[in-house]
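I've put the structures underneath this note.
In what follows, subunit A forms one complex with subunit B and a second complex with subunit C.
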Partner chain A sequence: MNSRLSGRASLALVRTMTAGVALAALAAFPAPAWAGKVFVTNERDHTMTVLDSDSLNIIETIKTGRRPRGVTASPDGKLIYVCASDDDRVEVYDANDYRLVKTLPSGPDPELFVLHPSGNPLYIANEDDALVTIVNTETGQVEGEIPVGVEPEGMGISPDGKLLVNTSETTSMAHFIDTQTKQIVENVLVDSRPRVATFTPDGKHTWVSAEVGGTVSVIDNATHQVVKKLTFSIPGVNEEAIQPVGIRITDDGKTAFVALGPANRVAVVDVPTYETKAYLLVGQRVWQMAFSPDKKTLYTTNGNSNDVSVIDVDSLKVKKSVAVGRSPWGVVAIP
Partner chain B sequence: MTIATTAPGVERRITAGGYLVCLGGIVWRESLRFLHQRGRFLSALVRPLVWLFIFAAGFRATLGVSIIPPYETYVLYEVYIAPGLIAMIQLFNGLQSSLSMVYDREVGAMRILLVSPYPRWFLLVSKLVAGIAVSLLQVYAFLLVAYFWDVQPDDPIGYLTVLPALILTGFMLGAMGLAMSSVFKQLENFASVMNFVIFPMFFASSALYPLWRVQQASIPLYEICRYNPFTSAVELIRFALYRQIDWTSLAVVAGCSVVFLAAAIFAYDPSTGLTSRRGGPDAGK
Partner chain C sequence: MRRTVRPLVFGAAVLLALASAASAQPKTPLPPRDTPRAPQPGQSAAAHDPDWPCVQRKVPTMSFGQVWSGPPLDDAARTWRDDKAVAELVPTIVARRTSMEEAKAAIADFAQRAGAEKNQKLPRLFAGAFEELNDQRTRIIAGIERYARKQRALSDRIKEESQRIAASQKGMAAQMSPEGQRDQQALDWDTRVYDERAQSLTYVCETPVILEQRAFDLGREIQSHLD
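Moving on to the complex of A and B:
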């Protein structure tokens, strides 16, 4: 009897100790923070790769419409919008279960788009039609079309959502559009083949990259004057290979990253002085870029080497390059 | 702890402290000799830097088409060849210490060393340790300059983790030099060492080009590169700089170290060795 009791008691003791050890282990090694996701559109695979932002492993490959290019996320990170360029529509995916929630009309050949900071509406550049189409993301209705220059591509919106900038590749212009009146307020001539327009976080300037011109024009949003034209020079790399495309600027407005296409480099620009601090080697034909939600990491799509490079924003080091689908084009990261 | 050795006709007792004094003396002599020969120090530093600044600069755009372990992203050519240049420093150093053995033999300094009561294998290992210490000095001086040229491991800890690899590769290349030094009679032979040992070992390795590139060019050359122990030395250093162990390279380098050291001890052993037969200091005995 005694021995049975003591046996039970010791069993209970063991259980208590095991639970204690488990708890202590949990306390000592807290579970990793909820990993985010990185969505990458693969232009030639007609798919979208989903990466785990911690492990950088592929967790899903979503079959999309044909030629997926521009990609963005709703402000709450629950929906992923994809331009299916050859299917002439915008596809909306659930960021959790990856199912196609709905499609939105986009006009022909949508390439890039930008969401209003509030999450509605969506402004889409229609490359073949020289139009910017405004689509209500709730109702799926086209709310307007704004005629712009030939081959519109880059789309940027001011932090307050009042000013929209579209770039037209062939016209080589940045079109400043009032989102209230849906009218162009100014056209600014930039260098050849402007690809991307990005606002500085304070909303005072717009940076426009010119792929063929090899420059980035910094435009004052109040005066619509080009206040600075950035050029790039990399030892050992042909000038023709330096083709600026994607632009991302840190939240503090101090550092800008410019993807230089076939130069296989990302330029790091000190914004106050406009000096290039470093050129980071990434994969081939680096195209678009996206920050992680905590802004500590920058992801680049490398169209010719079929991978995504991961840059640590603080140390300015390229940490890793991971293979995705063929011709990765757009990228967005969500928490 | 005492170790008894028997010299002809005399009973001597050599303490462990004595061994340390002997080791310290040899290392100190080599270090002093190295530091006093500024030209040698400079050339040891300038040689890899010429490769880094001039050769690699011309080829920096040629690489970067493939990511190979231990790299996790694209690297510049300078970054790729840095481990090869480090191994080159150690290769030159290993053979230069062996050259100093030939010199010692010529001027008679070796005779003084060899009449010491310490076993010959210990003297050889001490000489080897001295050579490794000097090579570490050269390698870290090179890494310091390379750091300012933006040639750095992905994590500063790499500078520490590379140390054991450097000691081992220094040991292998030094032992190889020692084994070879036993067969040279004169200093002038170093030119042929350059032609027949250093250049083939260096070029037929992964020091300058990744092996997959060599494979695309020529399969036989690829096989030669693969079995070249210098390739293993380079790869061991490359992985260690990135905080990883390349086990195959580790096994090859460790195995070759043992074989080369055994060969050197055999060659310098007066009863079995080759030095007496080849007119070394023991030739007259």
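Moving on to the complex of A and C:
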């Protein structure tokens, strides 16, 4: 498989060189100075795949707790946090030697979580219990539980760490939570089955995807008003197959990527105009996404084709797909 | 332990909330905590369609945009049968006995032989493969629905038979009579057939998914040869 792909790549390169634009081709995909790692949770295999971000080879498959879903890294990239949903705990792995360092209490059925930008605490959505649990990552103590809507999932935190947004799937709301008082400031109604909440880098807006509603709501964090509702339309794709889930926004705040589930596409949205400029075909049932640390690459988890797609952010090309475990769910990349 | 702590924490939170200023309350209230969960995507459709026994959402036909981002297929869909090389290769690459590796090799070979014409011929190859896979898939979906109806009929019969046997064979003599034995045996067979069919349901329901994966893999492979 690899030799076939690299064979094709070198063939393409030879062709480009004869066209006399070899330098441009080399500049398009610069190789990183040293390789990082990409961690992918496989929901059905109860494992986590570790990829070398340079070669995209699998360097390790870690056996995790049951039904690993949400995954994130500590700000220094040394620890990997995993929601082991069916074991009702968060597992913390060493990013270097893949050892299970410790487990944290999570409340029942943790699905997604978000780390405070400082690395502590961890805010966890408890799908079965309509709660957001706050856990101190140092001491492992539960610092609070915030009652939210039914079936909480999406978790986003403002760049300054002061505002937390959780979405609840059944209630179809985004809950705005003050992290100082641990109280809900406001509940904002969005479309059916919200899955993910992501802040814009300037902290002014929160983007919330609605899987069944097929939309993304852009909420003004100051007024709690929905200022824009994005819809998606792809020629040759049934409307009901367009189910937005994952959202990632580039650091310059100009481009947003929205994973569209069984449409098998990632929408590329120009943020200033809210226009969708491309729908990239990735893999089957694309849900979560993560940028590489240098933000030049976006990784997507494709739950039904059991692979990860690698997107070049500048050229908006899907460079490669990498087979991982069964039902890949979450993804995080570290330097 | 957790069960007792949580109401306490929750109660304390409520008291705190009541004690704090009313302005701290969100304008839009939360719904009651015992609100039933919304159905998962696809679940509601399944609930309304008693003939669809699978957990996977019923999608009657695949749409090509889910597996193809190459050039538009309108012309290719009309003309693929007239292209001899395409019409010959389509049955091979869609057949389940052809491994994906073999299919990939056949597509690569096809692309090479198409030469300068490959940007016209490859979309035709995909259009043909997609049409064939969609047809197969539609037939399988109809088959699954037939299967579900038969299972329902069988389950009704088992229920009726067992009620009848229970009513008519109250004594040992009736149970041991040739007629009673025959009835019981028929019931046993029906139950066994029902159970075995129910067990293979997971596999049956996977079949449309397998065809979708095939369409996706073929689409990706064919597109990779386009300029």
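Criterion: the second predicted complex is superposed on the first by the 303 of 335 C-alpha atoms of A that agree within 3 Å, B and C clash if a C-alpha of one lies under 4 Å from a C-alpha of the other, contacts with A are read in each partner's own complex, and residues count from 1 in each chain.
We take it that contacts are C-beta pairs under 8 Å (C-beta built on N, C-alpha and C of every residue); 3 or more make two chains touch, one makes a residue touch a chain.
None of these values were measured; they are calculated from a predicted model.
Enquirer: Using the superposition on subunit A, decide if subunit B and subunit C clash or fit.
Expert: Subunit B and subunit C clash in the superposed model.
Enquirer: Regarding the shared-chain residue A:L316, is it in contact with subunit B (first), subunit C (second), both, or neither?
Expert: After superposing on A, A:L316 lies clear of both subunit B and subunit C.
Enquirer: Determine, under the contact definition given at the top, whether A:A35 touches first (subunit B), second (subunit C), both, or neither.
Expert: neither
Enquirer: Which partner does A:L100 contact after superposing on A: first (subunit B), second (subunit C), both, neither?
Expert: In the superposition, A:L100 touches no partner, neither subunit B nor subunit C.
Enquirer: Quick check on the superposed pair: does A:N264 touch subunit B, subunit C, both, or neither? Answer first, second, both or neither.
Expert: It touches subunit B and subunit C both.
Enquirer: Per the contact definition in the header, classify A:V212: touching subunit B only (first), subunit C only (second), both, or neither.
Expert: The answer is second: A:V212 touches subunit C but not subunit B.
Enquirer: Scan A:I58 for contacts with subunit B and subunit C and give back first, second, both or neither.
Expert: In the superposition, A:I58 touches no partner, neither subunit B nor subunit C.
Enquirer: Any idea whether subunit B or subunit C touches more of subunit A?
Expert: Of subunit B and subunit C, the partner in contact with more residues of subunit A is C.
Enquirer: Go through the superposed model and pick first if A:G236 touches only subunit B, second if only subunit C, both, or neither.
Expert: After superposing on A, A:G236 lies in contact with both subunit B and subunit C.
Enquirer: Would you tell me the residues on subunit A in contact with subunit B in one complex that are also in contact with subunit C in the other?
Expert: Dual-contact residues (subunit A): 235-237, 264, 281, 283-284, 305, 321.
Enquirer: How about subunit B: which of its residues touch subunit A in the complex?
Expert: On the subunit B side, the touching residues are 57, 60-61, 64-65, 67, 72-76, 154.
Enquirer: Applying the document's contact rule, which stretches of subunit A touch subunit C when the two form their complex?
Expert: So the residues of subunit A touching subunit C come out as 4, 8, 130, 144-151, 169-173, 175-176, 181, 183-189, 192-193, 211-212, 234-238, 240-241, 243, 262-265, 279-281, 283-284, 304-305, 321.
Enquirer: Of all residues in subunit A, which touch subunit B in the complex?
Expert: Touching subunit B from subunit A are residues 235-237, 264, 281-284, 305, 309-310, 317-321.
Enquirer: Sort out for me which residues of subunit C touch subunit A in the complex.
Expert: Listed in rising order, the residues are 6, 9-10, 13, 17, 20, 24, 26-31, 33, 35-38, 41, 59, 63-69, 72-73, 104, 209, 212-213, 216-217, 220, 223-224.
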